[in-house]
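So that you can tell them apart, the chains are marked A, B, C and D in the order they are listed, and the count of residues begins at 1 in each.
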Amino acid sequence: MSDGPAAASLGERSDRAIAPFGRRLLTVAGMDELGAYRVLRVADPVGPRPDPGQFAMLAAAERWGGGEDERPYLARAFSIARWSEGEAHYLLEDVGPGTERLCELRAGEGLWALGPLGRGFAMPRERRRALLVGGGVGIAPLAILQDTLSRKDVPVRALLGFRDAVRAVGAALLDGARVTTDDGSIGAGGLVTDLLAAELDQDEHAVVYACGPAPMLEAVRALCATRGVPAQLALEAGMACGFGACYGCVVPRRGGGYLRVCVDGPVIDAAELDEVEAHAGAPA
Amino acid sequence: MSDGPAAASLGERSDRAIAPFGRRLLTVAGMDELGAYRVLRVADPVGPRPDPGQFAMLAAAERWGGGEDERPYLARAFSIARWSEGEAHYLLEDVGPGTERLCELRAGEGLWALGPLGRGFAMPRERRRALLVGGGVGIAPLAILQDTLSRKDVPVRALLGFRDAVRAVGAALLDGARVTTDDGSIGAGGLVTDLLAAELDQDEHAVVYACGPAPMLEAVRALCATRGVPAQLALEAGMACGFGACYGCVVPRRGGGYLRVCVDGPVIDAAELDEVEAHAGAPA
Amino acid sequence: MSVEFCGLKLAHPVINGSGTFDALAARAAFGPALDSEFPFAAYVSKTITLEPRRGNPPPRLWETPAGLVNSIGLPNKGLVCYLAEDLPELATLPVPVITNVMGSTAAEIAALVEACDARAEISAVELNVSCPNVKTGLDIGADPRQLEEVLRAVRPRTGKPLIVKLTPNAADVPACALAAEAGGADGVSLINTLRAMALTPVPHGGSSARQSPRRPWLGGGSGGLSGPAIRAVALAQVAAVSARVRIPVVGMGGVSSAAHARDLLDVGATLVAVGTESFRDPAAGARIARDLLAARPG
Amino acid sequence: MSVEFCGLKLAHPVINGSGTFDALAARAAFGPALDSEFPFAAYVSKTITLEPRRGNPPPRLWETPAGLVNSIGLPNKGLVCYLAEDLPELATLPVPVITNVMGSTAAEIAALVEACDARAEISAVELNVSCPNVKTGLDIGADPRQLEEVLRAVRPRTGKPLIVKLTPNAADVPACALAAEAGGADGVSLINTLRAMALTPVPHGGSSARQSPRRPWLGGGSGGLSGPAIRAVALAQVAAVSARVRIPVVGMGGVSSAAHARDLLDVGATLVAVGTESFRDPAAGARIARDLLAARPG
């Protein structure tokens, strides 16, 4: 079952940040443009410091609904991209009625939030070099991960892929990232996994942290598997609840059965997966 | 049936303003405060000049839904309170999710409108004095009626009743109105029908035009019936469509059967009713 | 994208749901534009009964999240006045007229169908079988055996296309569709409204508890749910029925855009009907047909 | 406002809908606060079957206007592991545990009920009869006669309160409720989700037509609709059932505020269950119970 062995194998992370019970009404501190993305800043006086890789379920307090096809209705899941005492940052991409509504929020407006939720990234053992591989809006959890690793003096290298130049502006969220774009308009061009392969040629002791579209995650998983490199993948899935109640967010696990991305993940050890399911990635 | 005799008896109004087919996207020109009410100004380049007493079905173009109880869904009916080349005015009172959303509209935002709809007020024969009796937000259609009667040099006297002082501010919508409030804070105090009775004592040849809460309309109907004074009542009813499609907006008609307020009315000759149905008035 | 349906050649696959568009009232409200821009490829009348009906006392409407509960009660002039007064006017519409009828016994239904058969202005007949059986109180259309019997009795009375408007309030809707087909129906249409109700509303902001116990809001006691709220239920029933019957299917339920219409066509419907969305925009049918056309593959 | 239900004394009338709240996962996510602020007066487990089930392949969720279509497929550890691993933990919750079970034959259901009867941690058993009959494919609970037979076979196996979770996909839900009562049920609960489906989504802004024909979106093919979209349907069914049976009724379907809970209580329900709204706020049950209390007349 989804909540058995998986929980065990990620056990060393069970001392994770615990969410206050019940959604809480927060106030938007600001909304900044970042190329094709928006950075939503939320004042969160009560929420605990999240682990890198954890997420929150967000919904606008006013007029959540009545968008395209009379949606949204349920809250939406977003990685916590950055956290500083009492303020959480989220990176948003408008891909549908829920994100569209959230992108319209302005300072002072109300926001329902539940979290931090899920299991974040495990810190690398014996300070091995960390390669952060991100694609598109999936770079969000890598930002807070980079902040944390840098505080721990873990050597970090970020490799980010974007569809085009206007999205590549998002790379500013991380420090000193190597960037590539599908259309070659910026950086090396080609796939971020090419950059990863090159890095692993240099240092086969590195560990990999990845978040992005499903095809990218699958490529990262396959590459790391063949090279025997440990990899942690931050997955996504359609979610109704975010705290294990609905059993809707599953991905197939190696050896049969399913994992609930919201409670067994979103960060899953690549070794737990035969492959990354087609729906389990960030919006491409 | 609803669409037989009624149509006939109001026949002399059948040369009424005809609505363009299909709802049209209009732009909000402005929103003004008027005591407890709001005046919504809408730029309407294509709509024809409405007859006094006609109404329109309105819905916000953005986020119509997601309010209290995940409503509104259907458009809402509003009397056209004023009309000047290319601009229509509506008087709004926030009584639920639909009016709440509409009251939030600001200049430049989009509004869906269908109309003008329904049968308006018939003009008085041989320039008899017109007594305009309004209650609460129900004064809206009396404003455009007063404009029209004045243009025709028909002597007019407006008698308006409100629940309290902050609502009584709405009286500014009409010229030289006599005002009374339920709480006596402004004007004579007591019921607007007392003012009406006094006026009819002076001039039993006057004709009455009324719009307001159901109890007020019923009192006006009864008073005029006993005095043999012709009265036209602008009714209200929950409406899904506004153009005769749903059969949802009915009120019982004298002699049995029902009238559709949206197509047989909203202005109904008092003689067509045994009494004014409890739901058939404006928000009290 | 003209379509053939039960022998009728239609300009596009979008028609109206019975009882959701009064073409004569619309003509009075919108004038000649109603005819020149008529939104549907065929016009389905509201349900007609043998005797006149006044319908239910108000209130008749209740708005729900993305939906509408109605308790109209099938007001109509009755067969005779409909055929004498309305049909000649409806015949001047630019599209074929489908007359929807309802009876509570096979004999009543047969009489209705026979009367329609005699009128050239009527291109097809739709049977509304969501009518409570006088004895059981259940919809006639909810029991496959009963439904097939009725069809066998009624079918011979007309050579015109006979469409059965199925009830969604059944345990096994595909079985009902198969029964209609076996009984000789030329097509089926679904879904009708889902049985629903509402209580006297809560004052804005206030709490309902203070005035309980409360009465039903609808004058008719209970009603039927329509609109986007039932869209996913409609898609499931239309898909299940289309997979079982060989006769053409009219799909409806919560269609408010071409994408929703496309969904119903993609699961097997030949035509799509628009109901509640026409209340929000009388031209919705035209918009949906246009967008379907624009999005047509190839 | 404590309530008695089938002999259980509950602090308030709000419980959870089966399968919509995993108390053990919630404990891991929210820590001790889950227990100290537990939102429900009793805890209903997700449906347990004899054999373990993995559930349906993803996607399992589809958002509709004011609703959710789910095709979870009843994943569970199976009776043995549930009783051995989960029940002892659930027993530490501050409220009574109601175990929801489902079987496809009377014998299977009897075995499940008997096993629950043997465990003191279980205060009551809820039977999910929305299980397709292996032969007919229809829900066991949709046929009154079949349902009564099953109850007669199962009832003797336990002295604990036996609640039947009715299926809404039936022609005559009150008849099913009466059959459950006749068969010996101590209470009934309704409504379960309405059969529904969805197709592969339309790309944001884009048109679906270009990619048709399209596959079902849900891995399980079809699913069940819940949430505010079904609220008015739930109210009608709960009212109709409450008017017919003498045993207590658990009402649910689209409850997201105390006003909606009040509606169900006012038409005759003894308890109200919160399902989908808990996904939007895990503390919804507590909020609703609090607001009910605050608005209590007198």
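Convention: a residue touches a chain if its C-beta (ideal position, glycine included) is under 8 Å from a C-beta of that chain, and two chains touch if they have at least 3 such contacts.
Here the structure is a predicted model, which is why all the values come from computation and not from measurement.
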Counting C-beta pairs in contact, which chain pair has more, A-C or A-D? A-D
In angstrom, rounded to a whole number, how far apart do the mean CA points of subunit A and subunit C lie? 47
Distance between chain centroids, defined by C-alpha means - subunit A, subunit B (Å): 54
For subunit A and subunit D, what's the span in angstrom between their mean Cα positions? 33
Multi-chain contacts only, two chains or more: what residues does subunit A have there? 65, 69-70, 73
Shared-contact residues (touching 2 or more other chains) in subunit C: 64-67, 228, 259
Is the way these chains touch best called a line, a ring, a star, complete, or other? complete
As the complex stands, subunit D meets subunit A at residues 19-22, 24-26, 28-31, 33-34, 37, 46, 52, 54-55, 57-61, 63-68, 70, 72, 75-77, 81, 204, 227-228, 276, 278-283, 286-287
In the complex, go through subunit D and note every residue touching subunit B. 65-66, 228, 257, 259
In the complex of these two chains, what residues of subunit B are touching subunit D? 65, 69-70
What does subunit A use to touch subunit D in their complex? 1-3, 7, 18-23, 59, 65, 68-75, 95-96, 112, 114, 117, 237-241, 243-252, 256-258, 260, 263, 277, 279
Mind listing the subunit A positions that touch subunit B in their complex? 62-67, 70, 73, 101
